[in-house]
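As written, the chain order gives the labels A, B, C and D, with residue 1 at the start of each chain.
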């Protein structure tokens, strides 16, 4: 079963690069949705079946794969933009940096004192790489929507690490975390809407009147 | 001789001797100028005559103007009781009297300058400003000298410092004392408004110090001013003479005579200086006063280094 | 037996209640009178308490259990506290009475209640400071004092210079208080509790930091150069009776703190004394030199406060050097001189400020150069100012001389104790003090002469009027104290002795007497003799004057036919030579007009001596720092993605740091 | 009882949502706040037993944070009635709901012993506050909200990762994986040090973003500056304390694990850095609400230093936590009044507040002294306790730098605030006609009075709570 999980994680890596490389916001949102769904599957794969896991998986897929992308798509169509234009960092450099970050994630994961049962798995490098991808997007993109996708990828990275601990995490907490994420994205969506109304753009580089 | 006789001599000398010094100085200057000059006692006649005259007061002035010469005279008289004369302690010797001595002159100066400002004349204001400025520059030099004397004599009173001033001290601290005597002489001339600092006989107001301050005094007031000035010369001269003429015979009468003689000699020296030197440019005066302070500061450092 | 502490606390509470009447009564004028009466009653109680304590020489304390986790508090009255309580109560009562006519509630309806309330709180907090024996209580009173004083001095905050002076004062006061935080924290570390340790109970070996913090914190309040920058503008811009209490009492709290601090330590290093002496000399000289350059009568008086604080510090320095060298006579003379000068300065400086207040009240300006001839219009104020001026110059026969004389004696005693000191500290300090004295005479002759003598230079000065009895009476009281201490200094000698013994318990046993080292009786004799001689000459002179003809005329104008009042010597011209001599320190600003052509246009000359240390050092430093900081402020640029980068960088830095930290 | 503590605010939010009348709706807030305050006091007097299998416990640290938040909320709620009466043009539904929800989340954070639950609660406070910052609905406020939302979300995500690390540390140590505080504390000595380190760093960065430790504070001036005053007050006085509670929890675990040197150094360093940043930005700060934000950064930094130094400083730090919240309440509420009256929060557009708004002016003036740690306000006591401990521990460099920074910050605050307060009100200045009322000037005045009261008299039960809380954070020999 773990091989299947690893293959899903490889998919996650690939999806990271797609998000890094694309300028189309619609694609980025869909990629994040796929990533979320893939991650939602993993708990049920790696562990024996239990109601707890099923609930988590279902919740994950519903929230990360369906609800959030739907919210974001709505926000995108409301503000009517399609592309990230002129990010702070070009697509090629950022993909290169992403590649370096992924490589570093593997090296770094080797150094970590993991529990023996996790030594061979891709979870930790995947978590770190996804986290870094999220941060890269957050730091390099201008459009508010792109930044939300970056945040979602960052969350996904954290979630991958959380997969190692599914048993430790009570449902209530997991559910709470998911709910918070959902509400957070919902609020962000509303704000994006307001930004586009107020500034007739969701370019966050314009949001710099508050300083010092 | 009992103490009260000495005190009596002290008081008599203090009261009667000072105008003579002025007479001697004027006579010396006349000698150098090739004139016969006024009688030695002329200052006495002048003062008595002034005392009997009427007064003219400016309408601008207040009681401060009249108080000026009186306070100055009273303060100088009080100071006279602190300065040892001859080979005898002063009637009121106590630890720290040298400071009171110096500060009594300060009081006198305060009121002289205030009286000058009371006339509202810019000339007298100018004189007052100069007096106040120059005397505060002379102050450190005097105190450095007092430090030297205190250190040498291990005494805190003028009488202790000056009465036990044997010749041997000059052998021990010759260099330091020479510097100090130089400084003291400068102070003596500056404080008493003699050439090269001031010309007591000048009539060009713009260049005067003391004389311009007392321009408006007349009659008894002016007499008090003149008498006070001569008394001040006498007292500071006594301080100077004690150090420069360190001969004490032990015989009371001889010592008194020696003191009076050396005072007269001092007056001759001052007269000589006045006759042979030109008056300094006013802007040079502070420099000379500061150099007097430096001289006596050097003297102090030498003495500090020498005494264990 | 009524206990001193009970009386003192009663006084403090009464002073505090003095702020209330104006808040609750509708008849403001009456309320202000009640307030002044309360202040006077407070003063009576407080002065009785202080005198009882000084006469008894014992220490009395009360424990207070309070709801704070710092251990029980303690208040105590000992001779040192008592000495500082005297000026607090005397000056506050005088100022409260003075305010009746200087700042009448009927004419200042919106500010009188605020002023009276802050003044009452100020008085009470001053009282608490000197009886507090617990760090927290002390600090609380200290800060309340600073803040109350801020509100009292900025009543007229519609004026820009008042606001600016207020801000400068408040900021420096707070910085000083912060130094005291450190001081008390360290002191607690040494003493083990927040209570003040008994005199001589701590070892000074590890106390360098404590001493330095005390010097900064208390020195800031006292106005020791170079921490004095707040003082001139604060004193100049406050209402005159507030300036009086600031200068007479508030800055003395710094002296109190410093003396209290050094009393905690048993054997102190020699350099403490040297440092305090040096700070004193520098403050004295800088203070008086700057004073000479001022034309603003209150700014001038403010600089003289710095000078006098310097003189007090010199006395303290002598005592400290005596302590570490083990020479009791030095300790006795230096400390007695410093303490007496504290008391003296608290009489003549408020006197001068109150006189200045009357003058300003009547002339409407603080500029000396616009006054003149005031002695004719205000004979009493003029005479009282003259008294204060003679006293502050340290001239006999008034009190300023006595304390300066004690300090001189201490210095000379140090000079002739050849076995112990070969260092020139004392020998340099004595002439410096003489120079200070000389300059002070020049300065006060200038103020008195230009403001009170001659002819009026301005319309307002011509129409000046004498101050009312409510203003004159407090000044008479203060002048009376100046004369009393000046003429009968031997009366205060045993009190001073007791304070020194309470500070140095070891000295009490040795039986050393102040009188043995300083014949205050002789000073008294000479002072009385001086008065006698003056009376004698005056009598002679009057009788002579009565006999001869007396003519009134114009002032001799040296032949000039049309003199005007504006041709009189001014304060600036009087000081010009000295200002020129010290221009290296003073950095005067002058604007000299260009006079051209045969018929030059009317021109004006202006000169001004600024607070050189503030304008030449602190403000440029602050501005320079600020312009550097504008680079740092670019960090908050408003760009969100870089803010996120900050988070990443922080994470990485912490990770790397922890990595190396765990390795090592 | 504890369930009630959380459900009363939630109920309040529900009722607020249901009430249609914009004018009457705000009344629900003081009712909620009052009930919550009473309940809090009752709970403090009579501590309930652990509930939900040890997940819900009201321990001393929780009590302290809860008390501060509850008092602050009550007075902010009272203020909101007066404030919203001036803002009739806006719907206050979201505001009322958000405030109530936030109170509920804060209460949950205070009582939760499960770190996951704590995280959820803290994240909820972040989310509940976001729409409130946007209350003014202008370009500046939307910018501030966006920055707040994104930076805090990232921060709190980091905290989640930190929690995962902490749980993983138990896995690596072959312990029962848990995030419940009590078992974690028992297992702490055997936890994997590397993962514990990681957990600490991520939690510090996470909660540090939330409380605004430099350089993670970037959102703070924007959000505090643009939010309505009462939201600013709750952000600075309520949410900050919650975040600090989170840091205290991980600190507890680190303490139990032994080797605390790095944790303490990291806290001290970030604290000093925060104070330094605050000092830089306070000087010549022309916007007085941003000034208050930087003052908050300063105080958070100071508390971090206190926590980092530990030992004697802990008592003062925890007391400061309470005081800081209360004084920030005073400052933000009065600043809002001034802002309302002058329609500006720029120093050059505001003068003579003491004349125009005597109550707000005097309260703001007093609060200036309170927030800069002047006696006789309680902040003085707490600051002095911490400073005293810094010096008695012999950390002279740290102590002197803190003092210098305090001096700079006071200078900066005085230079901005005093010219606003004093001076002459002019015709050139805007005047909205706002006048201080009982409900707008009363609450900050009461808060000020409480800080003053605590400065001269600390009730014994409060001393006990703080003492017990400090004992929980003390290094056991």
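In this section, a contact is a pair of C-beta atoms (placed from the backbone, for glycine too) under 8 Å apart; a residue touches a chain by one contact, two chains touch by 3 or more.
Values in this document were obtained by computation on a predicted structure and should not be read as measured data.
Trainee: Contact counts by the stated rule: is the higher one at C-D or B-C?
Mentor: Contact tally favours B-C.
Trainee: Mind having a look at which chain is the central one, using mean CA positions?
Mentor: C
Trainee: Taking the mean of the CA coordinates per chain, how far is chain C from chain D in Å?
Mentor: From the centre of chain C to the centre of chain D is 43 Å.
Trainee: Distance-wise, how many Å sit between the C-alpha centres of chain B and chain D, to the nearest whole number?
Mentor: 76
Trainee: Starting from the mean Cα coordinates of chain B and chain C, work out the distance between those two points in Å.
Mentor: Centre separation, chain B to chain C: 35 Å.
Trainee: Take the average of all CA coordinates in chain A, do the same for chain D, and state the distance between these two points in whole angstrom.
Mentor: 30
Trainee: Residues of chain C that contact two or more other chains, please.
Mentor: 633, 636, 638, 640, 644
Trainee: Two or more other chains in contact with one residue: find those residues in chain D.
Mentor: Those would be 146-147, 150, 154, 194, 221-222, 281.
Trainee: Which parts of chain A, given as residue numbers and ranges, touch two or more other chains?
Mentor: 138, 147, 204, 207-210, 212
Trainee: Touching pairs of chains, all of them, please.
Mentor: Pairwise, the chains that meet the contact rule are A-C, A-D, B-C, C-D.
Trainee: Where on chain C is chain B touching in the complex?
Mentor: Touch list, chain C to chain B: 372-373, 375-376, 386, 389-390, 393-396, 401, 404-405, 408-409, 412-413, 415-416, 418-419, 422, 424, 427, 430-435, 437-439, 441-442, 444-446, 448-450, 452-455, 517-519, 522-523, 525-526, 529-530, 533-534, 536-538, 541, 544-545, 548-558, 563, 565, 567-569, 573-578, 581.
Trainee: Using the touch definition up top, name the residues of chain A that touch chain C in the complex.
Mentor: Against chain C, chain A makes touches at 88, 135, 138-142, 147, 204-205, 207-212.
Trainee: Which bits of chain C are touching chain D when the two form their complex?
Mentor: Contacts found on chain C: 66-70, 136, 139-144, 147, 154, 157-158, 163, 166-167, 170-171, 174-175, 177-179, 181-182, 184-186, 188-189, 209, 626, 629, 632-633, 635-636, 638, 640, 643-644, 646-647, 649-651, 654-655, 657-658, 661-662.
Trainee: Where on chain D is chain C touching in the complex?
Mentor: Counting only chain D, the residues touching chain C are 146-147, 150-151, 154-155, 158, 193-194, 197-198, 201-202, 204-205, 208-209, 215-216, 218-219, 221-222, 261-262, 265-266, 277, 280-281, 283-284, 315, 354, 369, 372, 374-376, 380-381, 383-384, 387-392, 396, 399-400, 403, 406-407, 410-411, 414-415, 418-419, 422-424, 455-460, 463, 467.
Trainee: Would you tell me which residues of chain D are touching chain A in their complex?
Mentor: By the definition above, chain D touches chain A via 114, 116-117, 119-120, 123-124, 127, 130-131, 134, 137-140, 142-147, 149-150, 153-154, 157, 160-161, 164-165, 167-168, 170-172, 174, 177-179, 192, 194-195, 221-222, 225-226, 281, 285, 290.
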